[in-house]
Amino acid sequence: MSDTEAPAVRLDGITKRFGDVTANDAVDFSLEKGSVHALVGENGAGKTTLMSVLYGLYDPDAGDIFVDGERREFDSPRDAIDAGVGMIHQHFQLVDTMTVVQNVVLGHEPSVNGLVDESSARSDIEDICSTYGFDVDRFLDTRVEQLGVGVQQRVEIVKSLYRGADVLVLDEPTAVLTPQEVESLFEVMDELTDRGRSLIFITHKLDEALEAADEITVLRDGRAVGTVAAAETSREELARMMVGRDVLFDYPERETTPGDVTLSVDGLRVRDDRDLEQVGGVDLAVREGEILGVAGVEGNGQAELVEALTGLREVDAGTVTFEGEDITETSRRRRIESGITYVPEDRQEEGLVQDYDLVRNALLGNQTIEPFVDGWFVDWGTVRDHAEDIVAEYDVQPPNADAEAASLSGGNQQKFVVGRELEHEPSLLVASHPTRGVDIGSIEFIHERLLEMRDAGTAVLFVSSKLDEIRKLSDRVAVMYEGEFVDVVDPDDVDEQELGLLMAGRTVEASGETVESAADPATESVTESPTDESAGSATDGVSNRE
Amino acid sequence: MSSDAPGARAALDRAADRMLRATVVERFAIAVAATLLALLLGSVVVAASGYDAVEFVSSLVYGAFGTTSNLAFTLRQSTMLILAGVAVAVAFRAGVFNIGVQGQFVVGGFATAVTVLFLAPHLPGGAVGGVLLMGLGTLAAIAAGGAYAALPGMMKAYADANEVITTIMLNFIASGVVFFVVDRYLRPAGASAPNTETFPEYVALPSVVFDSASFSVVGLGAALATVLVVYVVMARTRFGYDLVTSGYQEPAAAYSGVDPERNVVATMTFSGMVAGLAGAVFTIMILGYYSDPSTFPRFGFDAIAVSLLAANNPLGVVPAGLLFGGLDAGGQYIGFTLDVPPELVDGVVGLVVLFVAVPELFRMAARRTGLGGRGSSESPVRRAESDGGDGR
Amino acid sequence: MSVADYAARNRRRIGGTALALVLLAVLAALFDLPVADLLTVGTAERALRAATPIALAAIGGLYAEKSGVFNIGLEGFMIFGALSAAGAAWLSAGSGSVGQPDLWVGILAAVGVCTLLTLLFAVLTIRYEADQIVAGLAVWFIGLGFGPFTATVLWGGVSSPSLPNIDNVTVPLLAEVPVLGRLLFDASPLVLFTVLVAVAAWVVLYRTRYGYWVQAAGENPEALDTAGVDVNRVRYAAVVFSGAMAGLGGAVLSIGIGSGFTGTGVTMVDGRGWIAIVAYLFGNYNPLGAFGASLLFGATDMLQVQFQTVGISLPGSIVGLFPYVAVLVVLNLVGYTRVPSAVGEPYDTEE
Amino acid sequence: TGGQEGGTTTGTTTDGGGGSGEPTNIAIISSPAGFGDGAFNDLALQGLQNAAEEFNINIQQVEETDQSQYGTVQSRLAESQNPDYDLIVLVGYNHTQALETNAAQYSDQRWMLINDYVDQPNVAGYTWANHEMSFQAGVLAGTMTTRKLSHAGNSLTPDNATVGFVGGVDGALINAFERAYRAGAKWVNDSVDVRVGYIGNYTDTQTANNIASSQYDAGADIVYHAAAAAGQGVFQAASDANRFAIGVDSDQSKTLPDYQDVIMGSAVKFINEGTREVAAAVAQNNWKSVNGQNILGLEEDAVKVVLGQAVGPKLPDVVNQNLSKSKQAIVNGDVTVPCTASGCQN
């Protein structure tokens, strides 16, 4: 990295507002050629917005963009692409129904006589794959929807390279990957920088930033708090920069006395909307006063499992027994009535009706439960009182039951949903990613409530892909991979690396080689030892041990 | 807000702004604006075709409200449009596009006719028989309309067949089959028209206030009572809550324990029952016999416009139904007083629907004219932003 | 896409068609139907002719929907097409009798008028984010009102005077080919044109960059946007194309194979726009599939005519309902069609 | 036909012809087919217009295609004071049911009902014998189907006795056309094969065309239609197949001159004569001469088959002979035509 060379990208005083929200506030940022620059920050800090400005998706309200030292104005992604900037989005920008080749060339199709020249596209893609050692060329004629996330991500990278990108923006590329897939992504990133490409790497996970990046910039509330060299900083420093205060959590010691089996599942098989089997024979049992954590990389059947348990999805085979009764064929409504509550993964679509105020949302799921209804009629007075209770008790902001759900921030929406579901005093609580997209303060709150529920004797089935959370809350952890439980372990007996291996479908014994390859110094610092005595560590890998 | 207007103006803007966002007021403003714009465009077309636009509009108004008999005609059309409009609203509210109200209305009316004609000989005559026959005929219509609507409901729920298309096909089928049965089996000997026998004269709604052979205040009362019942069902019962929730957000409804399949069938059935009731009122109050459905008015289609104008709110259907009833009556009056082809009124109704579909157009117009407050034409007024206002 | 691939993905569809054919055969055997009299070259010719307007509208409609805009107003645009074709041909002839050149003026006018009207429709649905279903229904209502209205202004009644048809074109040599020759090369040029449109639409959709963009616009508009293609421009083009094709379909009805515009009742279009939508759903959004499905409907329609001609006694008012029943059966057999996932959602770059 | 001369036909026509003093006001309400159908709506109107040339008559045309409105429209016109209508003409049996109430309620109002009858002193019911004229059309078709004829490239197949019939809606009314036509053809030639098809409405020219084409394919060389406006499709099919067709209601070789080379003849009913007669009677204060039920058939020369203006001259004499022979037989009662003027009974 020579000092004389202009940075690959320089952002100067970028400001972007959405109505009253200032997503980026005079942000400066600079990416050196051939390096990896990480961008970290909490949910809503403005990372994606900043990169969208660089990619020509948003027009900044103020500020300048320089690529290779030249000032550029991007009216559309096309301009950015032409200037050699490529972006791999948080949500993949792939057309499910089209093939890999078609996706890669989309918008840049080589044409002969008006027809797309697929064979020249194909050979170009094969060249790229052999240069960087991608396996994407095996799937050229496969429709994207049939590929796993890891492959889809590599298709995205190939797509950017095909378009001639020198600068690649990767927006939270690791969120959906197993630790092992993350490792191979880092190898790809190394390969790319070795060949002169420059990368911007967005992540929440400080350990990843420390491992993969040369430089790290922290965003908070739309402002760039600072830029540090990865080699000269620590997780504590980064965490402080991110959150603006020291982060410390304390959890009470795990001391549970599980009672009778509340829920048991036997040989459960479930298909998804596309009629593919997603749950392929799962057995499990959850007892009173116990939290069973289900860990796994998203898309391994957790969603279908949860839907089958809560009555939202038909079961292919197997039985579900609740409090001694076979409920395999029981309707969702009957299950609600018998005391199963559910905090859904998608609060926006499922947990709340966005156009309803909180009063009407308080009835959601309670339509047949007294005292909210009397025969066929709804007692709106009682429902309103209930809504106001939830708002007060769970500190929902704004504290107004007449506010529309859509006007609440994600975290507050989640608090309301959690409140509504916990107020039932259920016998079984199924909670799916209950802290996703929620800020640290609210995460803490929700965790406490879940533990209280358990202590009060409720059986809890808790699904998450955040390992620290899983380890902290669960009394037992079931690891799900490709629709099956690979193993059920005691969270105190495994470390995150081992959990990661299980999530990749490998049993601990059979994976020595992978553990070895991950054993470089950077990774080691990520790994928390199983004997970690400090009762808690913070979210996103922030730990108080060093 | 970067407005440099003087404070008073800014306050006014804010007030107007808030008003525009309040959904009910906004819907109402949009409905009025859409109607006026459609009428304006209609008048332009009239003028462009070489007719007198002023005369067109004034005749439209006179034809609707000018005399008692004109008013009676308006109310008669409104009665039908309100009933059919509620039928549409029920379904649309639940997110089910029942375009088949016309067919359900035809089948319902047919059931009334069959019931009345077949039972009349077996029941006493006079007022008692009349009330009994009308009551049973109406029940039959409600049952038949509901059943005929349940069919596309089941097709949607269990075979994923798009209800817009199935209901339109079922409209054609209802009309064809009913014609066949009427002409083949119910036409009295010696008659050439595909009509059934006329009902006994005691099967008729009493003439109160208006002395009209085809309009009775009782009919209008029945329509308004139906509105009220439907409103209460939608707003106060758990069935209504399930239904409306499905309309807003299907996944949330499923989450809350609504069985999506059964709900679609239930919604269609409920909607079809109201449509069937409309058929009964049409048969008893207006026709007094039954006939070839292809010669009937297209209440079931105009009702779509009525319901949309009312933002699918059962209470809003009343003013919307009155408006369209007036348009109908005025249109007919134009037909026999002016040169202007009455089909124009149908076109105007279509324009109203079109404009109602584009609230954004009016929101933008409001901003352009400065009524909407916010100077920036870039950020559309979103409900999500309004929490600042409501949040106290 | 290979044939095997297509077959694999359309199992239910192909199965459904096969089942329908088997049912027909069983029916024929059971009732001892004079199959030879029912299935004549003439029947095929008329089935093709009946399919033409449906196929045109269907191909247009599938492009619009593939691109993410459900143009449910096809029926309305067909009415406008039928009317403007007849009107323009009639006006073009002036006081003289309507000749072939006038008819071609009519065809062009129908395409032109509908292009303009769909442009307006596209602005409302794309720029102003109108609810597509409601706006499409409105187009139908407007067609039902303004179609006959305009006819009255032009001709004093809701229907046009009788107009001649576009002459058949006989392609030398090719016309001699048995069956196919008579069907395609000794027929209305519009029939041949429709076959060509179907093939061209297939090539464009699956083999050109524009086709890729249409597919992406309806499936994942963000992907297209981030690839640097203006999503809404693609949608405008597809929607306007759907209107032009529906207009052409209407023109075919009124002066291609009909004999003028009839505006009574639901007009001469008589539900064909709706059937067009079913046709492309059944054809799984594939232009050739849509064409095949249109043929199927044309054939059902002709089959009921043949039934009557051959004298299989069923009441005419019931037999006439065949095509509608067929639509219901098909929709229920085919069941779920994979609708492009972004259909109905307006796309804003800065959302 | 009436609607096709261009310009408007809606609205008021005042004519200065003939008499003086108070004008006679006449309103005419269409059938659901509406004006411009080239069939009985237009013919009825035409008769009034003819009367207006002779007398001082104002005509108010009311197009109403929705049957359920007829009661209201009738009463609105009967109540009208400005102008006060001397006669309201109702086209089509769709008006019957409503008129049963209104004729009694507005007993001072005079009504003319076309194609049906209501038993009231203030109603003049006029029905034309559709069945008799259709029988005659059958005679024409039956006579010609086994003969040679060629005109402007169109021809017949003498060795194949097959004719066709295309109807609008398959109901009592049109069934009478069909059965009488069939009987007429068989009267000439007992072995004639009659192919029948119904469109399902009166507007879909394309289906009409398809049905006729299918019949021509099946060997028919002459097709008679009773499908109002949709009938044009039959003529188109005839030109495509180079065969012949028979028109209905008015002389269609004149009203649709484009098709004169395929129109062998038309089964005509002089509805215009009827409306002219009633209008004149009202203008001359001679209501008695028209009220009551008037069934007009071959005997009254109110229906007949006229030969096409282009094809007619080429037809052999036997056609006219058969037509007058059969007319005589019907008038004498030697032949009973199936069904009645108002349709077939179940």
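So that you can tell them apart, the chains are marked A, B, C and D in the order they are listed, and the count of residues begins at 1 in each.
Just so it is clear, a contact is a pair of C-beta atoms (placed from the backbone, for glycine too) under 8 Å apart; a residue touches a chain by one contact, two chains touch by 3 or more.
Chain labels with UniProt names: A = ABC transporter ATP-binding protein; B, C = ABC transporter permease.
Keep in mind it's a predicted model, so treat the numbers as computed, not measured.
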Applying the touch definition from the top, give me the chains sitting in contact with each of chain B and chain D. C
Using the stated contact rule, I'd like to know whether A-B or C-D comes out ahead in C-beta pair count. C-D
Could you state the distance in Å from the CA-based centre of chain A to that of chain B? 46
Chain-centre distance (mean CA atoms) for chain C and chain D, in whole Å, is 35
Rounded Å distance, chain B centre to chain C centre (Cα mean): 30
Between chain C and chain A, distance of the C-alpha-averaged centres to the nearest whole Å: 45
Which parts of chain C, given as residue numbers and ranges, touch two or more other chains? 152, 158, 265, 315, 317, 320
Quick check: what residues of chain B touch more than one other chain, meaning two or more? 176, 179-180, 183-184, 294, 341
Interchain contacts, given as pairs of chains that touch: A-B, A-C, B-C, B-D, C-D
Using the touch rule from the top, collect the residues of chain B that touch chain A in their complex. 236-239, 241-242, 245, 248-249, 251-252, 254-259, 379, 382-388, 390-392
Please give the residue numbers of chain D that touch chain B in the complex, ascending. 8, 10-11, 27, 32, 60-69, 71-73, 75-77, 79, 93-94, 96-97, 100-102, 105, 115-116, 169-173, 200-201, 342-343, 345-346
Can you list the residues on chain C that touch chain B in the complex? 72, 124, 128-131, 133-135, 137-149, 152-153, 158, 263, 265, 271, 274, 277-278, 281, 315, 317-318, 320-321, 324-325, 327-328, 331-333, 335-337
Touching chain A in the complex: which residues of chain C? 203, 207-209, 212-213, 215-216, 219-220, 222-230, 338, 340-341, 349-350
Note which residues of chain A are touching chain C in the complex, please. 55, 57-59, 76-79, 81-82, 87, 89, 91, 93-98, 102-103, 105-109, 111, 114-116
